[in-house]
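Chains here go by letter, A, B, C, D and E, matching the order in which they are written, and residues are numbered from 1 within each.
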Amino acid sequence: AGAQQASAPAPLKVGLLPFGTVSWEAAVIKAEGIDAAEGLSLEGVRLAGSDAARIAFQGGQVDTIVSDLLWAARLRAEGRAVKFLPYSSTEGALMVPGGSSLTSVAGLAGKRLGVAGGPLDKNWLLLRARAREKDGLDLERAAQPVFGAPPLLMRKLESGELDAALLYWTFCARLEARGFRRLIGADGIAEAFGVEGPIALLGYVFDEALLQREPHTVAGFARASARAKQALAAGEAAWAPVRPLMAAEDEATYATLKRAFLDGIPRRTAASERSDAERLYAVLARLGGERLVGAAATLPEGLYWDGGPNG
Amino acid sequence: MPAGAEFRRAAADPILTLTVRRKVYRPERSEPVEAVRDLVVSVRGGETLCLIGPSGAGKTTTLRILLGLDRDYEGSLTTRPDLRIGMVFQEPRLLPWRTVEENVRLSLPRPERRQSLDALFDELGLSAWRDRYPRALSLGMARRVALARALALAPGLLVLDEPFVSLDDAAAASLRAAVFGSAGSRGAAVLMVTHNVPEALAVADRLLLLSGRPASLVADVPLRTPKLDRGRDWGEAMRRDLAAKYPGTVAGA
Amino acid sequence: MALLARLGSALLLLAAWWLASRSVDPRTLPSPEAVAAFLVREAASGDLLRNIGVTLWRVAASFCLAMATGAALGIALGRSRAADRLLDTPLLVLLNTPALVITVLAYIWLGLTETAAILAVALNKMPNVAVILREGARGLDPGLEEMAQAYRYDRRTWIRHVLIPQLEPFAVAAARSGVSLAWKIVLVVELLGRPNGVGYAISYYFQLFDVAALIGYSLVFSAVMLAVDAVLLQPLDARARRWR
Amino acid sequence: MALLARLGSALLLLAAWWLASRSVDPRTLPSPEAVAAFLVREAASGDLLRNIGVTLWRVAASFCLAMATGAALGIALGRSRAADRLLDTPLLVLLNTPALVITVLAYIWLGLTETAAILAVALNKMPNVAVILREGARGLDPGLEEMAQAYRYDRRTWIRHVLIPQLEPFAVAAARSGVSLAWKIVLVVELLGRPNGVGYAISYYFQLFDVAALIGYSLVFSAVMLAVDAVLLQPLDARARRWR
Amino acid sequence: MPAGAEFRRAAADPILTLTVRRKVYRPERSEPVEAVRDLVVSVRGGETLCLIGPSGAGKTTTLRILLGLDRDYEGSLTTRPDLRIGMVFQEPRLLPWRTVEENVRLSLPRPERRQSLDALFDELGLSAWRDRYPRALSLGMARRVALARALALAPGLLVLDEPFVSLDDAAAASLRAAVFGSAGSRGAAVLMVTHNVPEALAVADRLLLLSGRPASLVADVPLRTPKLDRGRDWGEAMRRDLAAKYPGTVAGA
């Protein structure tokens, strides 16, 4: 790394989404000069949404994006050698209004239930499996699922048109700030399938070719990411550059977003992440079939990157 | 009241009276054009009236007003309420997307659409063309279709804007026979615009001579000689007479 | 003959695609075989038929709705200057309101229902039809208009034999560009609030970045539209054009 | 006079909106004031102008590209039977390919660049223009065609004085519906791969479910389009119609 | 070679020869229509040729072939390569979106577009209408514009399809004078379709009489009497003569 530090720092392009936490991390890295210290120059590339991020990654316009494990696994299974570096275990949850009489998954029978991401959403598949196994309830028939775009579902939950909604975590955090509560989180659902700890289903995805070409840059970036997270966990000071990016309309929302982010910092070894992930993947492969996970019935070999600070 | 008197009264009463004090076209972005001034046309039942005037005088304009197609004029129009008018425009104006026969039938009121038109098409020499579209017709043939359309209606008043041009003499003569034969047998009136003075002299009960633009009445000339007695010499004399009196409207032979 | 030409040009297209796919990364441009294989799999699972069916129904319903209201509005605007002055601005605003916004508002106000979806598509497409037919209604032949008036054509006769034949080319243009527009918007609408249909499938496979699936679904839908065009629009068009 | 009517109808629209917003939840239908307040804030930050500007540029570039190529293609297809037979199928396929798919493919093949974005929009819109102008070119008056041939009109004279005036209503229809289509597709294109523009802003505010922002952006864009229409299209149209 | 001989040779040589063995219209979905059969038309420099035939015979079809507008026929067409043809169609066929003056100018080759047309417009009585659009003209006025368009070209051959209908006698006479005056002074040939036999007898050097559809040549009648000597009686006699010989084409008076 020393040789590289002497020359100009190697650039690394990272895809940033408007509400993505990656942009928070990137802001901290930049503000505290962590990237330069690790021998690279982080270049944020603004993108409109996760679809755009995937296009950008596929087209080689960015070096890395944060994406979900299933997508990375599918890419690798289909022959594009990518590596996955755990980023966050923060996940969605099934939200209900604060005053709702609902207390358990079993109570969902006959309720109108919003589901972000559609019938093949992984959390929805897991929730259905859990309900069937634990409560003997077929949610698809017993409840009235409504699929749609997350902001729309959030709005429908607020207006009372839905009794509960399975949403992504940023929406959950906002709802929590407004007095809604979690009926069950993704981690809670996953527990039912023997998963041992919080599992990071989101991670940075890299091309293996980049790793081979510039191992130091990537390793430096992994360390920079970890240091930024530590700084954010350490205290309020580091949050200054992040706050304007959060679009938090009030203190309560800010606080819940912050807490949810910090709770999701992956702290486990790659090996334990991997074994939990394999367990979950098997369940999902069984439930979602080829349409969800592609041709591979098990997590492809070598998906996790061991060179990171956790490895 | 005996039927004969009834008929005479009807013939004497005008079935249509048009008074145009002024008709001015006002195109956007250019000078207004005064097309008609102080013109009164009244048509009595059963009579044949010929309108003669120079090119661009305002004849077509007058007919459009008379048919109620243009209401933007100073003056008044009264029509017998049940009067059926069959119109032959200066151009054929057929629906190009309908066959010859459909063009004729569509102009009839719904209950009359299924009537037989064989005799009419035969008379106008159109039988072979009933199923063709207007594009496949020569201009003269298209004019005949336009005439057929007006005649099929069995109108109480037939309004014709230069109907017999683009036709050879033989065809024109047989069409004239068809038109005036049918009108005469039904007691229908005919109002015809023409540039052909001999033609007008042969068929009219009355001539209306118009000045150049703006069209206004120069003379209302009743022709009292019975039609059968109107020979070539009478025509020549009459024409010379008119040309002398109204040189702006009727040219010398 | 016409069919043969169509077939020929389709085959040409296919050949070009096949050749192109040889020379690039199969993940960015999958070969025709790969797409065919995907379609076979998807058809076997029943999803293909179900999704196409449900989308087709939505396209058809909203297309009919939009054509009927759009044509009526466009003709009214083209013929009446007053109506045009009054409604031109709202029409342009609606025309330029993004599909996303109309769809979101429809879902908010009418709930996440099939009615909202179909209404949203129709509302998106309607101003387009109106704008095209307005131009048609503006250019009606005044000579024929006078003829129809002189012969006291009743309303039905006028509409069928004078109005519609003159609007026909505009209506065909609106229909052709309209079907495709309807289906493009259905995709957005399905993406935002329906759990099925081609739009849902496409967004789903898009998440997975399955280009073969994207191309497969869009080709199948194009094929369906080609069939609709060949079986419905073209004969209608040919009939209306017989006189030329 | 025409301007007054436009203004009046815009005010009417505003009043109706204001009244409606009184009676419902402001989160589903924000009041005009709320939207105005948002616009003031957004304008002050400079984002509004920047986003509108960049989107407008994309719309203009792709619109011109699509109109030029689409018109040329449409006229060729409308006049030559052989060309129509050969290219009809690819045209219909392209017409029915979803914006999403074209955009994704353009981005994948050409990278996330401005060129790819503009090309994607133009490619989406072009078949629409072609389909509309084809109908126009099919209906050219054969009488005038013969006249032009008899008098040996040269190509330029024929295009300017015979062809274009007859295509004018179709071109206006294509332009009106086309500008709006271009801008709708620009939104998709911006959503998928541009870090700025109205499409980016709208998707951003949609994530926040800020309906006031959605309506605000779409209204500002409508206003821009109304202005373009009033300043450019309408005078052109009026000039072309003088003879009626 | 003296100039006089040159001129005579040019006058004797045909400037255009058309041979139509057969022309058949084959509309989709209906019977074919044979419009012309075995017709030879050759026009010599400076001569005036009148084509007379019944309505729907195939006259317009023949002119369209002669102008090269329809190439779907059996036969051949040879034209002197530098021959300019001015055409007046049976309908005015003006560009409705261009003014009267623009309509005339656009038909001239580019280098000649700026020439002065004042004299021409004056002669045809159109000066006041130069800046108007065709919609604002009466049919007779539109026909005059169509004539102006053909004359402005200073053509070597003027082809006229019934040019003088829809005009009053005075206007028709002055237009005839304009057309034949201009053609005569430039040694231009004129080929005119007409149904008006007296008109043809007054102006033609040669008559081509056609049969009914399919049009074929019935007679080629040269009129050797100098035009100034053609009085009314000569015309009457000639007409009777033709009507007796060719009753299918020329009607008795």
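What to note about this one:
Operating definition for what follows: a residue touches a chain if its C-beta (ideal position, glycine included) is under 8 Å from a C-beta of that chain, and two chains touch if they have at least 3 such contacts.
Here the structure is a predicted model, which is why all the values come from computation and not from measurement.
Common neighbours of chain A and chain C under the contact definition above: D. Ranked by C-beta contact pairs, the top interface belongs to chains C-D. Farthest chain from chain B, judged by C-alpha centroids: A.
Centroid to centroid, with C-alpha atoms defining each point, chain D and chain E lie 50 Å apart. Chain geometry summary: the mean Cα position of chain C and that of chain E are 51 Å apart.
Separation between the centroids of chain C and chain D, computed from CA atoms only, is 16 Å. Counting partner chains per residue, chain A shows two or more touched chains at residues 51, 58, 149, 152, 155. Multi-chain contact residues of chain C (touching two or more other chains): 28, 104, 108, 203, 206, 242. In chain E, the residues touching two or more other chains are 91, 133. Taken in their complex, chain A has these residues touching chain C: 50-51, 54, 58, 71, 74-75, 78-80, 115, 118-120, 145-149, 152, 155-156, 161, 290-291, 294. Looking at the complex, you find that chain D touches chain C at residues 2, 5-6, 8-10, 13, 28-29, 85-90, 92-93, 95-101, 104-105, 108-109, 127-128, 131-132, 134-136, 138-139, 169-170, 172-173, 176-177, 179-181, 183-184, 187, 202-203, 206, 211, 214-215, 218-219, 221-222, 225-226, 229, 241.
By the touch criterion given at the top, residues 143-144, 146-147, 149-154, 157, 161-162, 165, 240, 242-244 of chain D touch chain E in their complex. Taken together, the chain A residues at the contact with chain D in this complex read 18-19, 45-49, 51-52, 55-56, 58-61, 149-152, 154-155, 158-159, 247. Contact residues on chain D toward chain A in their complex (touch as defined above): 25, 27-28, 104, 107-108, 111-112, 190-196, 199-200, 203-204, 206-209.
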